[in-house]
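What follows is a pair of complexes built around chain A, which joins chain B in one and chain C in the other.
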Partner chain A sequence: MKKCLLLSFALLASAHAQTTVKINGYGGTDPAVVGDLINRFVKPALAKDKITVVYEPLQGDYNKSLTTLLAAGTAGDVFYLPAETLDGFVATGKVLPLNGLVNTSPFIKSLNTAFTRNGRLYGVAKDFNTLTLVYNKDLFDEAGVKYPDSTDTWATLQTKLTTLKQKLGPDYAGICLQPNWDRFGAFAFATGWTQFDSKGKTNLADPRFADSFNFYTGLARGKVGIQPSEVSEGWTGGCLKTGKVAVGIEGNWVVNFLRDNAPNLKFGTALMPKSTKTGKRGNFLYTVGWAINSGTKNRAAALKVLNILTSPQVQQYVLEQGLAIPSRTALTSNAYFKKTDPGAVNSRLVFDGADDGNVRAFTFGPQGTDWSKPINEALAAVLSGQKSAADALKKAQADMNAFQSR
Partner chain B sequence: MQRRQTSAAWLFLAPFLITVAVFFFYAFARAAYYSVTDFNLFNTPKVIGVKPYADVLGDPSFRRALGNSLVFAVLTTALQTVGALLMAVALNRRLRGLTFFRAAWYMPSITSSVVITLIFLWLFQRRGVANYVITQAQAYAPLTLTFLLFLIGVQVTQVLLERRRALPAGWFDPALGVTSALLATAVTAALAWIGVISAREVPPFDYQYFADKWITLGGVRILSIPLLVVVIQNTFTTIPTLMLFFLAGLQNIPRALYEAAEIDGATPWQQLTRVTVPMLRPVTFYVVTVGLIGTMQMFDQVAVIGSAAPGDTLITLAYYVYANTFKAGAAPVNLASAAAILLAALILAMVAAQRRFFPSEAS
Partner chain C sequence: MTAAPHTAAPRPLARSAQDRWLARRRWARAAWLYAFMLVMSFVFLGPFVTGALSSVKDNPNEYPPSLKIPQLTPQYIARAWSLGAQGSGDGWQGGLTPGRSVTFDVTVASPAGAPQAPPTVALFPYQPVSLVATTRLAQARDYAQVRVQPTGQTGNARRYRVTVTSPVLTKQTGETVRAVLTAPDANLRARLRGGQVVPVMLDTPEAQARQYDLNEGQPVELVRGPAGYSLRGPLLERTPLQVDVQRGQAITGSTLPPSDRQNFGRSFAFRNVTPGLLGYTLSNYRRAFNETRDPKSGRSLFLSWVTNSFTYAFLRVAAGILFCSLAGYALARLTFPGRTLIFFSAVLFVQMVPSQVNLVSNYVLLKDLNLLNLWGLWLSGLVPAGGVFLMKQFFEGMPRELEESAAIDGAGTFTTFLRVMLPQAGPALIALAITQFQGAWNDFFWPLVILRDNASFTLTVGLSNFRELYGGQGDYGLILAGAVLSAIPVIILFVVFQRYFVDTGADSAVKG
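After this line comes the complex of A and B, so read on.
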């Protein structure tokens, strides 16, 4: 009798079994955005499968939090996977390769490449960003200098900035230069330089690297280019906000920032300048993907959720809300990109940047963010005038060698 | 009976022993093991020998962390020990409202260090209170200088007059001091009112504390300015705790010693250096030991300030260990463990050296 009762209970339970798919992602505004997507698109589609979806944001440092959750075996079934830290997470063996499980052909190719290691695809791009030149129209008008445009090379851009600086005087600057890889790297790529050679080593002594390094740091000469800290700011967006700096190198995220923090600033956007020697642009792809936990017990349900979250309907909705730039090629012709307001123009150029010149994923390789440290230190030392470019590069190469031989 | 007593003792000791065994001995053994493997938080560790130690020692960040930690430990321990001693001596007197002062002085120590760090970040911002105070000090320098000039002048005149009348008056006589201060205030106010002196127009003092700035010695970077701010903060928050130890120690010094010293004509300074300091030696030993260990392990302030200070200006050994353990995905936990073991060895060596060269017994 007792056995019978237990058995019927078990049957009852399985008949009503709800699969819960847990998603881990960023905090901030993401819980509202993803929550909205879940309610609008995921829930209606999965109601009949008895799959419920919950979004658990990880506040603070996302990468650290996800690391501890993965190590403890309590991470979500589906989670955000930033391309820049992909290698570290792939090395954990906790990310499910998606080859054969997801159809990747509708997505921008370079984005798929960004999530691929040794032929295995570990994530599907949720959205992406690239760098553009964002400029203050008023300052160019006042100096009587032509706006930066998509035909500019490093040399012509430098001339424009130098003239602007001469016309406007000591209180103004031509360009804001962050002393780090996340901005400078785009210039290094324009020369055709690559981050790692076939043995996985980084060569900073490469003349192409030195060429871009000299250009970037050379902009600081005569205070044409300044670091954000020189105007008491932490990043390029802050530089532009002050209205004292004419150009910043930023992605689409700067649009909302400027709208909130400098509503009267008239800004325009141009593509990154081309290398004077190679005639090519360089750019970073900043992207976050959807990935699946290899230890999940609900693989089929997790895949369904992932497919809905990257579906054309969801991406169109996200684009039209101005939330992010979609990763599907088919959306190139979306009406939103044809608008002429500064935000939409910026979105279009960011979208175009993904496919123009030497575009590489923003990543640090298998040893993580510390890879960029020698480069950042060299940039900071030269931009602040503490070292010559040659000395700084020599030290950076020595530090890089020590780092990579670990 | 004996057996029962022993087992009761074990029973009472058990909570402590278990905690120490699990969270100290077990954790220490694991860290020591990981430091000779290729552990990355997710793999099965494989022993690879002392390579992690070589890698750690070859890492410029580690060397900077080591330098920062040593400089921080020596500087902060010295400052807070001297400061705590002086404050304890000051508060050991019978003053009106003594309990209030003792409680007030103790406030920084019981406030969360995270909160204090945030307050300090705010104080030392580019447009923060520190720069504002310096700007104001520069602006009002004519007034303050006039005041000081008159204060000293009047005080010297008064003392000389008293002495001519063969009355014993010290240069810092408080009663005369109050009169001098009042007079100097009156004169300064009068001069300011007539318009002879006034506040100057000065540009705002514009110094960036949390920047890549260093105090160098012969071209070697010794102390970064951001770390100096943390030194000041740590001294400020730790002095009160250490002061309590010194206060307790002061209660144990017999009054008779001071009476004997006074009869022999010792000045207050001589009493401090010849009686108080030697008699407090056991307490000082404890205070210095606790100070060294605490400062070598300093972590929270650095973690809170985080990326507000650039690059390696603030990195300490404890922070280096943390930063190498929690990264994105697989992390060089073996390097972190090696650094942790080196840190432990270093602290042990420092305390051993201190025991060897600075005897803890009262002389």
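After this line comes the complex of A and C, so read on.
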């Protein structure tokens, strides 16, 4: 009996010494991927520290779920922090600034910037994506037009697409244009335009913005560029799948989509075209970071876990498994990027895109996703021919002012 | 309008004209009624039928949607069966097993002046991004050989036969057994059907070259020889074949229609030339079960979701019947202090508060009780207020004489309830059971909030997971297949019980 008691005490004591670090992240395939990383890398490294790590996926709308959990004080010690909703989370004060706690120098600079507000770093990029031009080789071959490449400017790309459209006729189109900030914004950045001025206001009347707007919507002239709905698809990936559209602006996620849904489509990838005037590319960084809960009781353990999850070994593994594009600059020389299959080429160009030209994080600012509505409406109105670009921009600016003075 | 016999007309001629007019009216009425019912059933059933039809297509998004679906054409189903049987000996599941070969015919039209070369054929890797599993399965491209031979010519159309052969990777002979690879140590290891884990020998250079390509979870065929088990080869689930012709040529026929056409119709992809019947017509349904395996336990998550949904629905129905009938009877017939207060606060007021209002407090409560699982879900919906209300109203409508006669026979309150009143309440209980089952089966909000672990999801939450691939664009084939499967139990329930459901008990209530 006494032995039993002693034994149970010992068990209790050891249970207390055990620290559990909880991670919150996406559902879908992520539980399997992160579970694999935890088993392969985190567990062996932390076994002697008596730290166990559990991954708790948040199903459905991640941002909403995380907000609820943070408010209830039940969020994980470590969690995914999407850069596009960073401002909202930072404002709650529930995200621990990592300055001085994590060495950020090995990571791509623009990614660190994406997670920095007022000099404070709130997350370390887990992985990222940027936009590239993904093109259908067969259509370019048939039309006898040269593939898009890294030297293309807006003007030369437009010429190529227009020629292609003329050669292939009404059933085919040059480029798929989503009437959305999340694709168009990259072109606006190429001109040097910035999303918010020093007072936090957005200026859509800026001639640089108008320049990119006119180029993007001008591609629709003569049906060289079409919207996804015109080929009964919901997004650019769907456009490419049909084999009727030559170019789409997409990130690395489209590779898996095409492999599954258009396995015999021969595609190539090029960097985003340079602005004809500035000679610079523009691009979005879509990134999710690892962040630490400022209310965690296991800060030291959480930091250890974060450091392992962003270590070179983990990132190399993630890259070589084709799961995501890692955030460490050193991996640019990884053998995977030298492969010539279309998927690996796309990965390399997505990686290169993060450091080429005016690259900005994909974000909507502190007021959330509604920020992009006036721009999306303007794009849709012009691309479908309901308004002239000048009228649409005027209305967008008025809507934007109303929105921002709310 | 139904008074035709009473409208006597003064003259026979006029009368027959009026009769004809009335008969026409009757027919018109029937026609309107039927037309209305047809339209309604089309509106309600249409989406389900369209979804069910689209779920078997290679491209469920196809627009304009076509009703000529090869997956439902007897000719192609028969071919899919025979190709599956050639590839694996199993016409249902298909696949390509070691030592077997498959022939697939292609017709290419090469008009004069166009290149006369045979088509380029190749196998390509095809394993759709799965929902949870990250295991890379062996691909036919890496194992099987493919060759093409001309077999005849009609006009300028040439026929070619493509043969895909999967080699045997061992020289040993003996009994062939199937197994699944497990985590390797220095050598490959496999788990046999009986659960026994055995080391796997690689006795040929071809097999040795594959040692590090084969992953845990890969189904394989082994040969049991005198020296132990040796690898005969992996079981390939799909044989994806691509056929390309040159400019000027056209592919005019093939054993199965292509799943994808590109390059102006000069490139055909067949995602699986050894589909078998299930892999062809019910490919997305098979995927829903096979491609959602929990990496930890190897069990099909979809199956767990279905089981969870059934368990939850069953528990909800059982609890609903028990508690609602008891509470309903008590509130209808027993007199005790605070009865009205309980009725107003616990039955009516509770129904007026939207469940979202209690979300956070209930969530925190369940979390503190460590009940963020199916049982917590059950507890949160244990006594449906609406059900209590239904039962109360039903019992109030029953004649008191029944209870009085029971009391004369010496029955106490509980016996009266159990032996006299409850047996009369059949229709109301069935209505309650159906609504509870349907409510539990379709419940999405609470399960989404409470359930955390992949394996503990209900079907509704699991299905929403299918949507998360490709940045929310989703794998529509899988979504539709899952949705059709999840609709079936509710449809069966309604078809079987609709008689009782419509019969809300109004007539049986006055029976006593």
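Some observations on this one:
Here is the rule we go by: the second predicted complex is superposed on the first by the 391 of 406 C-alpha atoms of A that agree within 3 Å, B and C clash if a C-alpha of one lies under 4 Å from a C-alpha of the other, contacts with A are read in each partner's own complex, and residues count from 1 in each chain.
In the analysis below, a residue touches a chain if its C-beta (ideal position, glycine included) is under 8 Å from a C-beta of that chain, and two chains touch if they have at least 3 such contacts.
In this text the structure is predicted, and so the values were computed from the model without any measurement.
When both complexes are overlaid on chain A, chain B and chain C end up clashing with each other. After overlaying the two complexes on the shared chain, residue contacts for A:N264 are found with chain C alone; chain B is out of touch.
By the touch criterion stated above, A:Q59 is placed in contact with chain C alone, chain B being left untouched. In the superposed pair of complexes, A:G27 makes contact with chain C only, with no contact to chain B.
Once the two complexes are overlaid on the shared chain, A:A72 sits against chain C while remaining clear of chain B. Contacts of A:F89 after superposition: chain B is touched, whereas chain C is not reached.
Contacts of A:G123 after superposition on the shared chain: neither chain B nor chain C is touched. By the touch criterion defined above, A:S232 lies against chain B and chain C together after alignment on the C-alpha atoms of chain A. When both complexes are overlaid on chain A, the residue A:P326 reaches neither chain B nor chain C. With chain A as the common frame, the single stretch of chain C that clashes into chain B is 22-30; none of the other options in 22-30, 292-300 or 364-372 do.
Counting contacts as defined above, chain A residues 68, 232 meet chain B in one complex and chain C in the other.
Considering their complex, residues 40-42, 55, 58-61, 126-127, 208, 211-212, 310-311, 326-332, 335 of chain B touch chain A.
For chain A in complex with chain C, the residues that touch the partner chain are 26-29, 31-33, 35-36, 56-57, 59-60, 68, 72, 74, 138, 142, 232-235, 237-238, 243, 253, 256-257, 259-266, 321, 323. Residues 63-64, 66-68, 70-71, 82, 85, 87-94, 229, 232, 367-370, 373, 376-377, 380, 384, 399, 402-403, 405-406 of chain A are the ones touching chain B in the complex. Within the complex, the chain C residues that touch chain A are 59, 61, 63, 124, 126, 128-134, 240, 242, 244, 247, 260-264, 267-269, 271, 295-296, 360, 363-364, 367, 448, 451-452, 454, 457, 461, 464-465, 468-471, 473, 475.
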